[in-house]
Structure formats: structure tokens, C-alpha cells
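Please go over the structures that come below.
Shared between the two complexes below is chain A, which pairs with chain B and chain C, respectively.
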Partner chain A sequence: MGKSRAHYWFIGPAVALMLLLLIMPVFVAATLSMTDYSLGNSSFNWVGIENYEKLFSRRSYQKMFSASLTYVLVVVPISVALGLGSALLISSLRIGGELYKAVFFLPVMATLLAMAIVWEFALNPIVGVVNDVLRSGCDISWIHSMLSGSWLGYEPATSWYGAACIKKFPLWLGDKQYALGTIAFIGIWQGFGFNMVLYLAGLTSVPRELYQAAHMDGADSAWERFKLVTWPMLGPTNVFVITISSIRSFQVFDTVEALTSGGPSKSTYVMVYAMFEKGVKQNLLGIGSAITIVFLAFVLILTLVQVYFVNRRVHY
Partner chain B sequence: MAGIKLRQVTKKYGSLNVLNSIDLDVADGEFLTLVGPSGCGKSTTLRIIAGLETQTTGDVEIDGALVNEVRPSLRDLAMVFQSYALYPHLTVQQNLMTPLRLRDLDFWERLPLLGYLVPGRAGKMAKIKEEVHNVAAVLKIEPLLNRKPGQLSGGQRQRVALGRAMVRNPAAFLMDEPLSNLDASLRVHMRAELSELHRDLQSTFIYVTHDQAEALTMSDRIAVMMDGDLLQLGPPDEVYQNPNDIRVAEFIGSPKMNILPGEADDTGKVMCLGFELDQTLELATPGPVSVGLRPEHLTLQPTGTAECFSGTLSYKENLGSDVFLHLETEGCEQKVVLRVKPTEADYAQLGQTICYSAEPGKMIVFGVDGKRLGLSADHNQGQSD
Partner chain C sequence: MLARTNWLGEFFKHGVLLAGAIVVLLPFYLMLSYSLKSPHEIEANVGGFFGSQEIMTDQRCVKAGNPEEDCLMRPIVYNYTAAFKEAPLVRYMLNGVFVTVTIFIIQVIVALPCAYALSKLRFWGRDVVFGMVIFCLLIPVHAIALPLYIMLAKVGLTNTYGALIIPWSISVFGIFLMRQFFMTVPDDLIDAARMDGMSEFSIVWQVMLPTAIPALLAFGIFSVVAHWNDYYWPRVVITGNKDLMTPPLGLRMFKSDMDGNEYGPMMAATTVIVMPLVIIFLLAQRRFIEGITMTGMK
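Right, the complex of A and B next:
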């Protein structure tokens, strides 16, 4: 009985390419992470798990994890909430929805590196438009009283805005107190339009009859209908949006490289930037690979959580 | 229970007229069916009654009260949707509880977790659960209460959708093609069940369908709608036997009514396919007319009979109890369909010329505008002239 071997030819190319381009690099990285190899060296020494020990003990790497996690924990919830909110608002519009879609989606399409340079100018403490606008508000009494809270009876100098008016407005990218927040703000600005588009797609798949049934059943307020119909029906979209946003936030690199280079005092030293700095700039492939493997583990955990826990609860 | 009145209700989408001045009076406890082809405005009418859409002009009254400005949930109506529109993330029990929760619990009591702390909530919930179980028992869906809609068959979902409508004990039930997603045998079965349910609940049912069989079998009265107009409103028998418009005549009845071309003269005599009808028009209106004849009012005649129509048999449709003979008749564009007993049609071969005649007094004549023309009751008058 002659068995056909055609199936090997069908799956062969795909499997070969996957091994070559996806699986093998991971193994190479995993191997390199146990060595002290540098590019150009003819040999290397095995160092075991020394690189990983460094990762989890040294202060600069602790800052790296904290910067990455803080960034993800700030950007994901806000960009998801903004994406959902704007999608709900846009889908309720009769006219003008297309314009808002285009406007909110623009930052997604723009090259982040170019946008980062624009932001750098805008956020420049001396010539930047952001501080200019804030500063000009100090001289207009109603803006000053509103933003500083003095109209509620608070002492202006105790509020952030009032104090900044008296002293000076922050160096958004040069102050370790503000740098990560500023990078996160740009990340949200850049990312929520993408989430909005995903939510808009999700909203179109919610059957209209369900809303009508909710009306008949007595869900009179928009909030009740959101709770009864929209939110549960957006379950699969939610999982996808949150997973994609988390992975994208873990991957943040361009803005950090262009605006802060991980500083000041490593406050924006996120994982992918650390990978780049160690592995490429300093040619320490061993530690760079170790960061890569840990990074991969984070992303893998996120994906597994999506597949095994959340997905089962949102498909009815 | 309540009567529902529509007064000169119109609906326009932009420049498109969907409903042209509908007047409808649904009696308390009546089973009224809105029937018509798709796009005739029957679903729009139902949605206007429900409050899901607003009429352009006109009034809707429920139980004597004007409800034009009343939101759907306060009209005390329940609706069964074609797609059932069950909440897919909730179990059957939760689906059935939803209308009661939204009606009986206040905002604080509905809050997740916190709601449990509100005094009196437990009692209300127990009552809601009891009502849900009562309805589930009536519909025999108790074993399904803990399943989700995705795990149910079409028929079971249909029952759950009915149950969700029933739990609130509404003033009237609105049903938008509720059976059209079921398979044929289940549909026939559910027709009987719905009729029975209507008898038990003695509530007002307004039922929308495009299936004339559903309309004829279940309703107390049928409202035939077409192109945004209500053409005829009456009991099924009357609509079937005395259609007042050629569109009603063609829509109600399966196979549909045969329409033969005819010609009226100034004395009221009507000629059809070379024969004179045995009745004359009450009001002589000379010109072309259409003569309607139900398939069951045509009878086979032995070949060679002088006074008969003749046609060539092109298709024989055997339904077991009846046989439909499709005949190509000269002078008539459509095929003429005869409903005969299988034994009568034994001899008929495809391509054979068949003689047939119409039962006297069963013809219905329509004018060029499609409106019914009255025929004089006297059978002999036509012949004596």
C-alpha cells in the first residue's frame, strides 16, 4: 500500500519557515541568554543563569520592570476606556461620525517616531506650546482660579497649577516625576484610536433586536442597556482589545528612544528599550537576550490568560 | 388585557412612505394578524404600537389612553422577536427574570453585590423567581432554566422568548414573525400551541407574519397589508372568500387564486375566455376586468364537453390528499391551477388537453384598479339578458 507523501510538501514550507524565522530565534536567544557573548567575539563563556540573577536583583532592572509595568497599567485601562467611550459616542452620532473616526485614527496611522519629534517640540519647557499655553492661563484670572481651585475656596498655591504658576511648569520629559507619565500620555494619544476602531467593529455586530428587546423589557436608561446588552456582547472584542493593547504597551520603544532614552534616572527605562540598549548599543548580547526571554514570557502569559480564562467566558 | 387603536398612523422615512394612514381597532383579547409580503409595512406597524419606532403622524391608543409619547417599557406590552433576541450571556432563568428585575427592583437593588444589602430585595427576588417558575411550568421549559440560549434548539429558544414575554403578564403580546425561524413541522405544531396559549391567557395578540397559512389558521381577524396600505380587515373566512382587492385575493390562499382576463360590456355582462359569466355586474362598467377563481372552485369535465374552458396540462403537483393541475390556457398569461381529488386526476397526462369549468356563483370580478366589482345575486339574470 503506497502512501502518498504529498502532505509533507504541503505543510513543509510553512513549518520550515516558522522554525527558521520564529522558533529558532527564540532558542538562539534562550541559549545566548546563558552566555556572555558579544557580537564580533570569536568565543563565549557559559554563565548559566547569571544574567537572569542580575535581572531580578539589580536596581536598574527593577526600575525597568517597574517602568514597563507602570506604563502598561496606565496605558491599557485608559486607552481601552477611551476607545470604548469614543466608539459608543461615535456610533450614536447621526452625522459627523466619519470625521471623528478619521481624526481619532490619525495618530495610529502616523509614524510614531515623527510624532515623537513633534511632541518633543510641543513639550519643550522653554519654547514648547504646552507650557506656553499653561503659562498664559496664569495671567487670565478665571482660568487661573478654575484650574488652581481657588474658586472653591482653596489656597491657589497649594494646588498643582497654582504652585506651577508661581514657580515654573515642569520639564515634562526631563523630570523623573513626569517623564513616564508623559510617555504614557503619548502612548494613549497614539493608541486609543486603534481600540476605537476595534470597538466600532464590535458594536456593529451587536444585533439591533437585542436593544429593542431591552427597551421592551424596561431597560430605559442608556446605562441599563449598556449593562444588559452592549457590554456582554462586546466580550470577545474586549478580550482582544485588552490583549492587543497590553502587548503593544509592553512593546513601547519609539517614543522612549526619541524623547528620553530611558531617562531621567531610568524612570522610562522600559523593557524593549533596555533590550535595545544592552543588546545593540552596549553589545551585551547575553543580558539583552535574557531581557528578551523575560519579555517573551510576559507576552506569552498574557496570551495564555486570554485563551484559557477569558475567552471561555465571553463566547456564549 | 387591553384594546389597541391606531388612528391615521403614517410613517415616512425621508421621502419614502412606509405606512399610508393606517386605521386599526384591535379588540380586547383578540388575536389579530397583520399579514402581507415583505416590505408592506406590517413590522413597522407593530414597532409603532410597541413604541420602538415613532409614527410620523397619527395616534396610538392602548386601553383608551393615548401613548404617542409613552416609552416602550411603560406601554405594558411584550414583544416576541423573529430572532428571539434572547440575551446570550444570561441563562434561561436570568432571561426570564430580566423584565421583572427591571420592573420590580429599583436602581439600588439591581446593583451587583451592593444590591444584596438593600432591605426587601430578597423578598422581591423570591417572588420574581416564583413567577418565572410558574411561566416555565406553563411552557414546559423548567429543565432548561439553567442553560444558556446557545445550548437550546430553535423551538426551545422560541418558548423561552415566549416566556420572557409572558412573565410580565402584559396588556398585549406583539409577535414579529415568531415562527419563521423554525422548521416546517415545528412551525405547524407551534401554531396550535400559540392558539391554545391565546385561549388560556385571553390576552390581546397582535401577530405579524408573511405566511398566509399562519394568518388563516390562528387569527380571529386578519389585516392584509400591502405597500403601506391596510387593504382588508376581517375574519379569515371572509378575507379568503370575499377579498375586496385583487392583491388580497392573490396573496391569501395557496395555491393562489387564478386570475383570468375578462371583458365587461355596457349592460354588465362579463365575458371570460370566450364564455359569459352567469352573473352580471351590479354597476355596468364597460372595459377590461379580471376574473378571480379559487383552484377548488374549478372542476374537471369529461373531454369533449362543449361548454368548458380547456387547457394543456403542464405540471401535476401531487400533495397526497389533493392534486394541483397546472394548465396552460389560451388567452391567459398565468397558468390556471385546479385543485382536484387524486382519483379524479388519475387519467390526466402531461401535455394532454383538459376540460374544466367553474362552479357557478364563485367568480369574483375585479376592475382595472384592482378593486372588487359587485356581482348581482341573481344567477339567471345574466342568461335571460
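Right, the complex of A and C next:
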């Protein structure tokens, strides 16, 4: 090799682009978060930590943090559990596993924005198919009694379904009580198939002999085998799947922008949407940059937690 | 223990998975079905999957002053023609193809030589550069959208193809993936090429590139899927100029421009945008799942 200078040409463009497009923006955001900068203004004022103070004191930003955290805390556990559950079921099937795998992975591939619009139609309170199906269940007595709990002797009107049959079914995206949950549902629908394929990959790496050993030790039921072998062996996969799901759900944007615009009454005002609304729509780049920095801090913390767990648990 | 057939268990598992599959497929079913049916059938939720395909009158065609007998058509024809007439769908699709393909080509041109240098060349500062790659892996590009947008606006690049492409020209993930792959390529191969008098430059493109095809394919699937489906970034840098819109952004415009309840044409447009990737996925399922899992480590 010796005198060759080829490596300058090979790493040069990549290093320049990394500095320009990934590292510099972080510093730009950090700097602007301490100003009142707007595009089109010739100058700006230094405001110190005022933007951050706003972020942690105003009610609308408290709603933002709470919406983002609630979304993550709902979507991550459910989509991880569904991913693991479907992977376990599929890997234990005799026939048809590949088919389910393809079906559950379909939403991961499909354009989320487009599918969000379809869900919006499906969830439309008047013409939507979801409320239509729920309403028609009210008139079929066995469905009504099962879902309202009246077959157990409860008063139908005290249950969610029974009460909804009497009054009306929710507006879903238009109701501040349900909007975030509905957005989370779409997130789970879209994302659990991704977790499923990661778990399927993790499951193939569990050595067969361990199951035989567990059998020798008297672990006969599926649950005991899972508890003794599968779950501990999936440790690294778990850490990875949970972190990646958290980072992905922190970044939720498409569904919120297209379906609720952060509303009703800021119940779905998640961080990336807030960043977009403040920074791009309202040209308040100072506060938008402050949200960027807090957001980056969250992602960094999540990644460091992952690194910690991977390092701690890697020696089995 | 594994030989014992548990038909009841098998039956139960299929039941659970089938219920899940119905929920997962519901929006795909609705999308296709709505794109075939008349407005009346959609609102009343009747007509099964295909609808009755009764001849209907295109109201907009009548309003435009055409005689009514020229405006009669089947709902399926109405929905799809309206989708292509109301929105420049073809343009959106071409933009989508152009942007995703260009991004992928640039990513490879930047990442491949860098990955080669990081795995096969020895030079001062190599570990620093690799450390930088690892550090950059931590930065989610969507999180730094705002400063990138400001920088692009400052140089007057918003509302151009450049704005859609430049921020994605560097894929640190691609560098990382390719480097890991090149580590497994034997040094003998490169030494032999050097003996033959090949320059480092031709080694990258004539020796390393062909060996990297499997990894490039996985990365390509990941990159194309991500950018075809991306809505956030185009939404930030493209404002109002329909000539530059990618499919998801175009669909969003269609939705906000929509007057009344044009569910049929809307769903036809959605189908046109979603189906290409879905069909390719169904044809090359295993490769897609492998590619996305392998690159899922992002």
C-alpha cells in the first residue's frame, strides 16, 4: 500500500457529508435553540435558555411530552408482545407459517401515510366500517350479551359496549379521549410485523439441544419450555426490539399530521409533529430547535440504555 | 416429544393467527374494495367487495357541460380515471422512482469506497473515521430535519429535487453494513488484483462491487422502501409545488383538495401508490424480509 493516497478519495466524500449533513445540524440546532431565529429575518436575538424554560413550563408542551410518552408506552409493549406472540405461534406451526409471516409483514412495507388514510375512512363515525360492524353487533343478541358482559349477569349499560349500543359509538379520531389511542392502534398495526420478523430470526438461533435438555429436566409444558429456554435466550433480541420500537414510535409523524394535526385539544400533539408545526409551519425556529435537542436527548438516552443492557447481558 | 401431534393446539393457533390476519388485512381489503365501488355503495356499506358495477353518472363531467350520455360509466372506471385526472398521479410516481433510485445510487457511490477503505486499507485516522460512522448511526435523520431544512433554505434549495435527495446522500448505515460485509472478503482477492496492476479505484468498482451484490441488494431494498414511503421529509421541504411531490405527499394533497366525499377516486389513488411495493414484496417475499431484518439494526 505504502504511498497510495487512494484512501483520501475513498473516505473524503463520506466524511465531508457526515460532517455537513449529520454532525453540523446538531450544532446548528443547539445554537438556534438559544435564539429567536426565523427564516427571512436578517438578524436574531440571543434568548439564552428561554426556549427550554417555555418547553418545560407551558401547558401545551406538557401535553406534547405526555402525548409522546403515552404513545410510546402504549405502542412499544403491545407491539413487542404481539411481535413475540405471533413469532412463537408461527414458528411452532406445522403448515402455513410463511403465509402468516407475509401477511403480518405487509403493513411494514405499505406506505404508512396511504394506509392511515384508509384507516381514517374505516374509522369514520358515520360511514366507516368499524362503527358499522360494532353497531350491527348490538342487534345480535348473543354478540351483545357477550361483549356487554350481560351473560355474566352484569347490567349491559355499565359496560363500555352496552353503553355505546344505547348512546353511540366513539368518534375515534375526533374525540380527545380516543384520538391518541386510535393513532397508537394504527402504529401497532403497522409495526408489530417488524418485531415479529426480528423475533423469528432470534428464535432460529436458540439451540435445539436446550429444549431437549429442558425436557430431560422435566419441563414438559410449552409455558415451562418458554420460561426456561426461549425467554432467557431471547435476551439480546428483546433489548434490540424494545429499543428499536421505542425509537421508531418516538418518531411518529405521518398518522398524526394526516389524521388529527395534533388535535383534538392537543391530545395527539407528539414531539415530531410539534417540531414540524413550530419550526416549519409557524417559522418559530428557536423553539423548534429546542424541541429537536430534547428529542435527540431522549433518543440518545434510549440508545445508551440499550448499550448498557447489551454489554451486561451478552455473557450467558 | 416433538413427534406427538397436537391437532387441537394446531387448530387453536391457526384460529388466533387468522383473527390477527383479518385485522391486518382489513385496510387493504377496504382500500381495494372502495376503489371499485360507487359513492353510494361506499356510504351505505353495501355491495360486497366488487359492488354491483351499475352504470353511474359522473357529476363533474355533467357540470362541465357535457351531455349526460357521455358521462355514464362504471364505478371502477370512474374511480380510476378520476384519480388520474384529479391529481398528477403519473408525475408523483415518476418523481418517487427518480428520487428513490437517485438516492440509492448516490448512497452506494459514497458508501462503497468508504467501506472498502475502512475494512481493507490501513491509514492514519481510520479508527477515528469509523468512530465517526458509529457516532452518526446514533443520530436519527428525522430528528435533525429542522436544522437541515434551515440549511437548505439558506442556500435556496427548498422546493427542488436537490432538497429531496441531498440529505440522504450519506447513509452511515450503508457504510457500516458494507464494511461488515467487506471484512469477510479475503485479502488474497485484493492482493491478486493489485498484482495484476489494478488501481485501488478499479478494485473498488470491479472487484469489491461484484462481491458485494447480496449486501447491496439488502441495503437497496431497505433504502428504496424507506424513501418511497417517506412522507415526513418531503412534507418539510416541498411546499405546494405539485411537480416535485413524491407519492405520499401527492396523496396527502389529494386528500386535502378533495371536495365532498370522493372516497372512490381517493382510494383508487391510494391503491395505485401502495400496490407497486406490495406486489414486488409478495413476489420476492423472502428477500424483502431478510433485507429488512438484516438492515433493521438501524
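The criterion applied here is as follows: the second predicted complex is superposed on the first by the 296 of 316 C-alpha atoms of A that agree within 3 Å, B and C clash if a C-alpha of one lies under 4 Å from a C-alpha of the other, contacts with A are read in each partner's own complex, and residues count from 1 in each chain.
Keep in mind that, in the parts below, contacts are C-beta pairs under 8 Å (C-beta built on N, C-alpha and C of every residue); 3 or more make two chains touch, one makes a residue touch a chain.
Quick caveat, the model's predicted, so the values are computed rather than measured.
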**Asked** When the two structures are superposed on chain A, do chain B and chain C clash or fit side by side?
**Response** fit
**Message:** Contacts for A:Leu210 in the overlay, against chain B (first) and chain C (second): which applies, first, second, both or neither?
**Reply:** first
**Prompt:** Given the touch rule stated above, what does A:Leu21 touch, chain B (first), chain C (second), both, or neither?
**Reply:** second
**Request:** With the two complexes superposed on chain A, say which partner A:Val229 touches: chain B (first), chain C (second), both, or neither.
**Result:** first
**Request:** Using the superposition described at the top, determine whether chain B or chain C touches more residues of chain A.
**Result:** C
**Request:** Name the contact category of A:Gly218: first (chain B only), second (chain C only), both, or neither.
**Result:** first
**Message:** Per the contact definition in the header, classify A:Arg59: touching chain B only (first), chain C only (second), both, or neither.
**Reply:** neither
**Message:** To be precise, I mean the smallest distance between any C-alpha of chain B and any C-alpha of chain C in the superposed model; what is it in Å?
**Reply:** 5
**Request:** Determine where on chain A the residues touched by chain B overlap those touched by chain C, and list them.
**Result:** 215, 220
**In the complex with chain C, residue positions of chain A that touch it** = 1, 4, 6-7, 9-11, 13-15, 17-18, 21-26, 28-29, 32, 39, 82, 86, 89-90, 92-94, 96, 98, 100-115, 117-119, 121-122, 127, 129, 132, 189, 193-194, 197-198, 201, 215, 220, 240, 244, 247, 251, 253-254, 257-258, 272, 275-276, 279-280, 285, 288-289, 292, 295-296, 299-300, 303
**Asked** Where on chain B is chain A touching in the complex?
**Response** 47, 50-52, 71-73, 77-79, 81-83, 85-90, 98-99, 102-103, 148-150, 164
**Asked** Within the complex, which stretch of chain C touches chain A?
**Response** 1, 10, 13-14, 16-17, 20-21, 23-28, 30-31, 34, 42-43, 45, 110-111, 113-114, 116-118, 121-123, 126, 129, 132-133, 135-136, 138-151, 153, 166-167, 169-170, 172, 175, 199-201, 204, 225, 228-229, 231-232, 235-236, 247-248, 251-252, 255, 261, 263, 266-267, 270, 273-274, 277-278, 281-282, 285, 288-289, 292-293, 296-298
**Prompt:** Which bits of chain A are touching chain B when the two form their complex?
**Reply:** 207, 209-210, 212-213, 215-220, 224, 228-229, 232-233, 235, 316
